[in-house]
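Each structure below appears as structure tokens.
Look at the two complexes coming up: subunit A is in both, with subunit B in one and subunit C in the other.
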Partner chain A sequence: SYFIFFSFQQRIEIHKLRQGDNLILGFSIGGGIDQDPAQNPFSEDKTDKGIYVTRVTEGGPAEVAGLQIGDKIMQVNGWDMTMVTHDQARKRLTKRNEEVVRLLVTRQSLQKAVQQSMMS
Partner chain B sequence: KIESLKVTVDFLKVPLGLKKPPLKEALAAVPGPGRAKPLGVERHKPRRSDTMDNESQYSGYSYKSGHSRSSRKHRDRRDRHRSKSRDGSRGDKSVTIQAPGEPLLDNESTRGDERDDNWGETTTVVTGTSEHSISHDDITRITKDMEDSAHLDCSRHLGVSLAGALALLAFLTPLAFMLLPQLLWREELEPCGTPCEGLFISVAFKLLILLLGSWALFFRRPKAFFPRVFVFRALLMVLVFLLVVSYWLFYGVRILDSRDRNYQGVVQYAVSLVDALLFVHYLAVVLLELRQLQPQFTLKAVRSADGASRFYNVGHLSIQRAAVWILENYYHDFPVYNPALLNLPKSVLSKKMSGFKVYSLGEENTTNNSTGQSRAVIAAAARRRDNSHNEYYYEEAEHERRVRKRRARLVVAVEEAFTHIKRLQEEDQKNPREIMDPREAAQAIFASMARAMQKYLRTTKQQPYHTMESILQHLEFCITHDMTPKAFLERYLTAGPTIQYHKDRWLAKQWTLVSEEPVTNGLKDGVVFVLKRQDFSLVVSTKKIPFFKLSEEFVDPKSHKFVMRLQSETSV
Partner chain C sequence: MEVAGRGQRLQMQEKLRILEDLNMLYIRQIAISLQDTEIQRKMERELRLREGACKLLAACSRREQALEAAKSLLVCNSRVLAYMAELQRRKEAQVLRRTARRPSDAGPTDERLPCRGTVCISDLRIPLMWKDTEYFRNKGELHRCAVFCLLQLGAEIHDTPMVLVDRTLTDICFESAVLFSEAGPDFELKVELYSAGLAGGSAQGSTPRKLATRLSTSLGRSSGKRVRAAMDGAPGSPPGNGGTSPLLLPAPSVPGPKFHLLAHAVLSLAEVQDGFRTHDLAIASNEESSFWLPLYGSMCCRLAAQPRCMAAPVTSGFLRLQQPGAEAQSGARLYCVLRGTDLLCYHDPGEAEAGLEPALTIAVNKETRIRAAEREGRGQPHGMAVTNRYGGEEVTHTLLAESRAEAQRWMEAFWQHFYDMSQWKQCCDELMRIEVPPPRRPPAMLPRQGSLYHEMAIDPSDDIEAVTDILTQRAGGRVPGTPPWLSLFEEPPLHATPSGRATSPSPPARRPWGRPRTLSLDAKLSTLKGRGARRAAPPQHPLPHGSSSSSSGSSSPAMEHDHPGPLQSQV
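Up next, the complex of A and B:
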């Protein structure tokens, strides 16, 4: 058996949680076209300036919806997130009139290919 | 096609009197002074003076006459190219801008004029040109120096003498104004004490200032001979003339006739004339000197032979003045023209065309054969894989290596040679026989570097430019001024500008200005003119300096702030 490193896209729907006056999603983002991409620990390509999930709070709406640390957010409710500044990304995620955000994320996964499936 | 057109032109080479279109042929067909007269009467005003501005319209007339025969497009196009520049104001066909010195290879100057496609201009060298002959386009000769110079000197001096006479008249007029009443009706004049004396002094000083200013502005050796009249000078002369004439008119009528007794008024009249003349002088300074100082155009001069190019900034100038400006700068900016450096080495080129022989089998018809053959050869050569660039590259590299090696040898030889002599110090006690002057010192050390120098010059193909005598003289010069070997070699290691070389041999005496527009027109964006020599030409194109719109932005020094580039993390 051997390992395959691949990425796949996932759609995640997060329902925001109201905390006082704010609607929170329960994760942290890093990245953006105005940031230094070399310091991104999650990206495969160190020139990638996309938005990555750097932390997921336990029990938060993001974890419940299936978001994982290291995911790259491609779209938020149809808005592109691959070429935005850090602040623009934050704003698109924290729009006050939206209760639900639908994210399109890319996740890299390490899978162990099982050889016996080929032998049978 | 050329043959057929040539036939037509020959047919028309009949002098048809005063009709405009066949003027060129008439002129071309019948050399000699005889033909000049009837045509001269028709078209040319015989007055030779600087105030002939109509000469610039004159060229337009000749242009139109050439243009009217549009059936011969090929010929007219070339005519037009030549016509503008060829309009000489003093009847010369090649517009000459003369710089001192001898022309380079002047006796070969006819080389370019006898090409086949000059059939339109019917290569007649115009002989016996009187000043009244047409300034026409077909005749652009460079070899008629002698005829030219005789006529040109005459007219040039005429212009200068006219200007001088006018200046003298203007200068003496105020004095005459003041003296005539004293001479003619002295007894009747009212006495005029202090005010008049003050006015006398002011007139004296103003005239002195005028004299000095005119000397500074006008009495200069002309650096070039312009083909066309200098418009601004002509304008100023006309102005001065009108001024002086009108003053005399009024003086004659009001003062002489009526024998005015108020002497102070007469003196004040004279002072006003002097003031007016000073203002005309101010105008002259502005028009002739100041206007072209502010750069408005960028001229690009490219040498046609090897592509050396420079850019120059000039102000508002006419085409002829811009041409002279370019020439002045050409002599110290452009590296000297070396025909030996132009061609690709023979070893590269000769291989290109060899390798194909075309045999004609059973062909009777020989006229088509040659073109067919050459076309076949060219097509085959094009299809063949072309490796000549390879050979060129290696040849270049080899040449570079050779030059560097020779240069190293030369530098070492010269350095070593220079160590053999030193300047005589006062405290040295030397045998008088051992003391040398610079020439002898140069000769003493020249022998050790001569061979290396010769080899180097031969490799870089510079040997025609440096004779042994010139090298010795330069060595003597460097020794006299305590120059280092590197300073001595500076002249030989790089090709310098033309003016550096022996001026009798390399400085051209004569350039030809080729322009599509009349040469007294001002420069405009897109004007192109060509300065021709026998073996190369300078193509000059004009571009207007763009209009700059500067806007202002205030930057607060406190606003310069920086942050580290980090990966920020925001929780949402």
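Up next, the complex of A and C:
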């Protein structure tokens, strides 16, 4: 048997939680075209300057919606996130007038596969 | 000798005027022979605007006026070139049509043409990549450029408003939508980013040369050659470039800022999508140019298209829906409208106009099969069998027309519709949303873009001298006097940032990196002093600057910074 490393896209809908004056999603992001991609522990390609989920608050709206640490955020409510600065990314997620954010993320998965024997 | 040089220049200008008149005569002849006055009118209008822009450029003293005038000049020139090219293209087409009437050249006399459509490009965003060790020009001055985009489809050219760009901006954004209403599926939308350096006057740019080359190639070959020969060896013409035809261009002695092509991209049907996409930019300059900006090399935008066959009804009329196995005239008489991916069948035209739900909707898409249903027998009307696959089943609707002519009309409409769908491809899967932008405000002063100065909330009672001193120190100890940037602001006292900020409780859209928010002037000034002193040592990691102000406020973020790990933000 051997491992297959592949990635797939996932749509995540997060309903923000109101905490006082703020709407929070319950995760942290890293990355951005103005950041150093070599420091990203989650990316396959160390020149990838995309936005990655670096932390997910336990029991928070993001975890409930199915977001996972290491997910790469491709879009937020239709806005592209693959070519944004860190601050732009943060802003796209924290718009005051949006209670729901729909993310398109890419997730990598490790699967164990059983090699079909060609002989038998 | 100066006098001799001037005399030669005047002679040259006289020649240019004559050539320009000849050129316009040539263009007018083409327009007359085509019986097309519309393009000629548009061109003369642009030429008048160009005259005005030239005069304004020569006369104005304010920087922002000069920039707007230089921009108008470039836009007018581009439009004139586009109209001339269009006229010549139409003339060529006319000549070809006439010569092709000979039987030996016979092709299909009525070639099917795809329908026109509306193409909309919006939310243009061009990211910049400022490095922490990037260059500073002219003794540490902040490198600034004024930029705008030209969007061209066919002979239609639109320009975006101008934006000031400096190191504090992370993206160049042009959000408003631009529509082109007569595009074909083979359209080519050219996006050109023009830039003018603002650190002092730039030298004679290459724009006149570039335009001249384009212009001389669009003229007749012999007159183009003559013009080029006339200009070679003229005083002041740059060596090594033969295409210095300055027809329809301002006299070389016009001072002021000049825009140069910084980057461009060409978009076509393949790039159309109902969403945002990233495209590559071809960059046309290098770091040496005064108008250079560190572009990331890509451009994001939303490019949507609405072909007419999707947006508007293709055809309509009465058809009878025949029940399978029943008599020909027994089916319901329905008012049918072919639009987009459906044939909508109503009980009467009133229902269609009222926008009510149709009685029956039959899909008409790439998978639909339509064949003419001819029945033998006297008085039998002709009809069509429309077959679709719903789930695993094939469903056929038979529609009968009221006369043979009607049946033919419907079949032709269906064939045209299928052809349009095959040409417009993904635009016919679903109607793409296009918003008509509100009419553009006339360009007033340059909008204040993100810059360090906007962060400062200055009380009018504060001493403006102190502020000026500190800022000039920061700029590298220039001679005290009016710093160049002050000319960009109309009112003498530096205003606070745009109104929303002073009163709203939410934090400002941009903050210096890593520092707590403060509106106190003292804190800001000491920050600036500190920065100025630290100029020599480059910061350790790239400073992420706030992006240009977004329209909706953002909730208060908690920016954490895990030393020495990568930057993370909690949302």
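Simple rule for what comes next: the second predicted complex is superposed on the first by the 113 of 120 C-alpha atoms of A that agree within 3 Å, B and C clash if a C-alpha of one lies under 4 Å from a C-alpha of the other, contacts with A are read in each partner's own complex, and residues count from 1 in each chain.
Note that in this section a residue touches a chain if its C-beta (ideal position, glycine included) is under 8 Å from a C-beta of that chain, and two chains touch if they have at least 3 such contacts.
Since we're looking at a predicted model, the values are computed, not measured.
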| item | value |
| --- | --- |
| Touching partner for A:T54 - first (subunit B), second (subunit C), both, neither | both |
| First, second, both or neither for A:I24, with subunit B first and subunit C second | both |
| First, second, both or neither for A:T94, with subunit B first and subunit C second | both |
| Dominant toucher of subunit A (residue count), subunit B or subunit C | C |
| Touched partner set for A:I33, first subunit B, second subunit C, both or neither | second |
| Subunit A positions touched by subunit B in one structure and by subunit C in the second | 24-25, 27-32, 35-36, 39-40, 54-55, 86, 90, 93-94 |
| Partner subunit B, residues of subunit A touching it in the complex | 24-25, 27-32, 35-36, 39-40, 54-55, 57, 86, 90, 93-94 |
| Subunit A partner contacts - residues on subunit B that touch it in the complex | 565-572 |
| Interface residues, subunit C side, partner subunit A - complex | 127, 129-130, 170-171, 275-278, 296, 298, 300, 506, 541-542, 544-547, 550, 552-557, 559-560, 565-571 |
| List of subunit A residues in touch with subunit C within their complex | 21-25, 27-36, 39-40, 54-55, 75, 78-80, 82-91, 93-97 |
